[in-house]
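Before we start, here is the structure in question, set down as structure tokens.
Chain lettering (A, B and C) follows the sequence in which the chains are written, and residue indices restart at 1 in each chain.
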Amino acid sequence: MKGARAEILGKIKASLGTIQDNVAREQAAHMRIAHPPRHVIPKRTQIGKSALLNLFREMAEEVAATTSQIDCLKKLPAEVANYLAQHNLPTQLKTDTNSLLANVDWGALATLEVRCGKAENHDHVSVTAAFAGVAETGTVVLTSGVTNPTTLNFLPENHIVVLPTSRLYRTYEDVWEILRKTGTQSDETLPRTVNWITGPSRTGDIEQTMQLGIHGPRRLHLILVNDDG
Amino acid sequence: MQPTSSAFITNARKALSDVTLQEALKRLQTGFVESRTRAAARIPEFEALCDQARDIKDHVLANLDVYLEIFEAQCKTQGGNVHWCRDTDEVRQTVLKICQATKAKTVTKGKSMIGEEIAINEYLEANGIRAIETDLGEYIIQLRNEAPSHIIAPATHVSKQQVADAFRSTHTKLNPERRLTEPDDLLSEARATLRSQFLNADVGITGANFLVAETGTSVIVTNEGNGDLTQILPRVHIVLASLEKVVPTLADVTALLRVLARSATGQEMSSYTTFSTGPKRAADADGPDEYHVILLDNGRCKLLNTEFKEILRCIRCGACLNHCPVYNAIGGHAYGWVYPGPMGSVLSPGLIGIENTKHLPQASTLCGKCEEVCPVRIPLPNLLRNWRFHVHDQNLMDWKTNWGIKIWAYFAKRSKLYQFVTRYTLAILALGFGRKGRYKDLPFSKAWTRNRDIPAPQGKTFMDQGGNKISERRTS
Amino acid sequence: MAKPSPAHPLKIALFVTCLVDFFRPSVGFAAVKLLKNAGYHVIVPEAQTCCGQPAYNSGDHNNAVQIACQVIETFEGYDYVVAPSGSCVSMIKEHYPRLFDGTSDWSKKAINLADRTYELLSFLVDVLGIKKISGKNLAKAAYHDSCSGLRELGIKMQPRLLLSSIEGLKIIEYDGAETCCGFGGTFCVKYSDISNKILTSRIHQLLPTQADTLLGGDLGCLINLAGKLKREGSPIQVRHVAEVLAGLTDYPAIGNLKD
């Protein structure tokens, strides 16, 4: 709206009485952005790697995700097939084309039908690679991109996330640091979508009864792949 | 949304006798209240996190213009559009223009309190565009043509049966004999019905829990995943955000997120916390082609320089509502506008005028529980008192209280006269009444005696019994 | 501030408060007795009436200021001011300073008075360091933590500490102890339906505890709770905690004629 921007900013500056010292304030703001303050971080994450893995799995399971662990990526197809069988789920999967999953030999298991790309409404099961995991709350971090359709995280009823243990971090702050360094293109501030996912979709809107799978996945299964050596 | 706050007393009375509502309000206690208590006790850093959240918000408010400009610049570098809107009319027209430019027929909506403020659904419908709420609670109240009664659980006042009734009368293409008695039946039906809406929508509108200046990002916090399907499936994503939503950095928003879900529902983190920056990148597999962030004033700038500015720290967690004895007695609709409970009683007068909302800051015992649980330490009781000064000075007070206080103060300022009057009032009261130690009724006391007895005073004032001479009776 | 001890006599003033003065002077006498037993004789300045919170909480800033100035003057020159009421003390401690602009003489005096003013139980425990009171009482007493005392002054442990030293007395914690009783000053008559709903919820939490007594530190709340209990025909006896601690329980409980 014409004039609205100037009027709003003018009103704010007048309210704050800061029309004079704008330059100093702008500099201070840019400094804070360049060197963000280190905020309080819960001590529960200050533990060793194996304890961290346990914490991650405990927190995730607390919010109705399920978890399992395999010792190498080769075992992924079998692990997935096992999960699908346990829950009587169809064996058709949609996966992302991320380099991690692109290297998986899905063909090793004749029972699985695997296609890649963004999710369609009839896809029942998706398998995606997580950019990172956050032990603090059992959260997986997924980012959008060429090889990562975000729709895979939300449309299918069953979402399987693959998380290499080397990508498990203590806190969100650790993940932001890595994401800015390695998960973001040079002309981007962030990927278009960064999802923190902590458990399946849920609602308490019907008489405060907790129910899973209202719009997003009803089931969230996290498979940790040991690659920490 | 049209305010009905001036009818507060009638609305509250209705709410008190609404059996379904009262059952629903009881559930809030065992739901949100107990969960929040557990979540807060679980991490030793919780109080420190709240102090920190307050400091981050105060820093932003003191530099709001600067961070908004930085946000705008960053958002634009990522291909986003930023629209500044002063009031309801401007934002409605802006949203409509964006929808018309893409020839939108259907719009899906994530939960947005700003959307309620500007009644965007009605406006779009009036202009030939269907707007469908996708948060289950919002969907339910949309079907019932009601306003939200809670800022994070909008349909908390609706029973299971009432949801089923609303589904039956709206989803008429489905088998009328179908079972809808269990929550699971209702959930499956909602999921299927809204899934096709998500897939067919041309435009998705979400709110924003936060905007991050550092990266030009909007953040939404949901449990359902509806906000995500709303923004990634349609061609266009519109974000409705009021000015005070901006925070400086990802580090700051992370710190705030640590107190938000814990305070709201007692969760460590909601199921989905989503950071959206611009439209899809050229080669992205999916995502919206256009991204618009609307920055709305609608009265916030005005509050920045007032004795109410701390209310702009609010992160809409709803903890104050959940813990308020008044909200727990009357529910959200009685407050008559978008924002109920303690934060609504401070914010609504600031946005729509104290003349329209005079009862809200007065209908509180000032018990202080809201301030105790507020994760950004808003001094809500003092802000309510500040509005009471305005009610008094603008002659909006009811005459009985006004004169009662004036008369009381007249005597209170004159101690000898005061003691005279109290002595003789007690003498009169002692005449014959109160033989059982209490009065069932007294003149001018119906408001009290309708529901309670008046305990009888002991008969003589402390001063009259020589209390004021105590120092003279000192021995040694 | 001077350290209190019997060897160095201090001037302690009692702010009896309007509700105690009018409704239940035995609370005032209980306060005097408790302080006397601790070795201190109080002075009761005659010019006192009210702390001004009715005006303040009703938005009448002018009258609130005028009454505050009167209170400040009345209690000038005392080392401590003690009152048997959480809400009156928090009015003085937390809100008097807010009534003035921060720099004037009155502002300084308000802050000075705020520093010297204490709620009775807080004074006994936090300032005088008293941990035990001798006495005997066989009541099964629930305790209601009035909002101002609890949230503005941090009074929670003090009454329980002193009550636990009374021989035979059983303290019962009830679920509604920290939740508002619905009094709220003029709120209870201006919005009486809502007040009644809140009050009824507290009574419903209290009755299943099998307490025979309800204690608290604020007369407004106690009169409100007692009024409802009597209307419901409950035999629960309501008293101010100071009365029980001072052993002044010969007086009928609030709303009763005879025990």
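The working rule: a contact is a pair of C-beta atoms (placed from the backbone, for glycine too) under 8 Å apart; a residue touches a chain by one contact, two chains touch by 3 or more.
Here the structure is a predicted model, which means the values were calculated and not measured.
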Starting from the Cα centroid of chain A, hunt down the chain whose centroid lies farthest away. C
Compute per-chain Cα centres, compare each with the mean of all protein Cα atoms, and return the closest chain. B
Between chain A and chain C, tell me the centre distance in angstrom, where each centre is the average of that chain's C-alpha atoms. 53
Chain A and chain B: spacing of chain centres that average the CA atoms, whole Å: 29
So the centre of each chain is just the mean of its C-alpha atoms; given that, what is the distance between chain B and chain C in Å? 33
Quick check: what residues of chain C touch more than one other chain, meaning two or more? none
Counting only residues that touch at least 2 other chains, which ones in chain B make the list? none
Complex interface listing, chain A residues touching chain B: 1, 4-5, 7-9, 11-18, 22, 25-26, 28-30, 32-33, 36-44, 59, 63, 96, 117-118, 121, 136-137, 139, 144-151, 153-155, 172-173, 176, 185, 187-209, 211, 213-217
Given the complex, residues on chain C that touch chain B span 14, 16, 18, 20-26, 28-29, 32, 41-50, 52, 54-61, 63, 66-67, 70, 98, 147-148, 151-152, 179-180, 182-199, 201, 223-224, 226-228, 230-231, 251-252, 254-258
Quick one: in the complex, what on chain B touches chain C? 9, 12-13, 16, 325-326, 328-330, 362-369, 371-372, 382, 385, 387-393, 397-398, 401, 404-406, 408-409, 411-413, 415, 418, 422, 426, 435-438, 447-448, 450-458, 460-463, 465, 467-471, 474
In the complex, go through chain B and note every residue touching chain A. 24, 27-28, 30-31, 43-45, 48-49, 52, 62-70, 74, 77-78, 83-86, 90, 93-94, 134-137, 140, 153-156, 159-160, 163, 183-184, 186-187, 190-191, 194-195, 198-199, 213-217, 223-226, 228-229, 232-233, 243, 248-252, 254-255, 257-258, 265, 267-281, 283-287, 295, 297, 301-302, 304-305
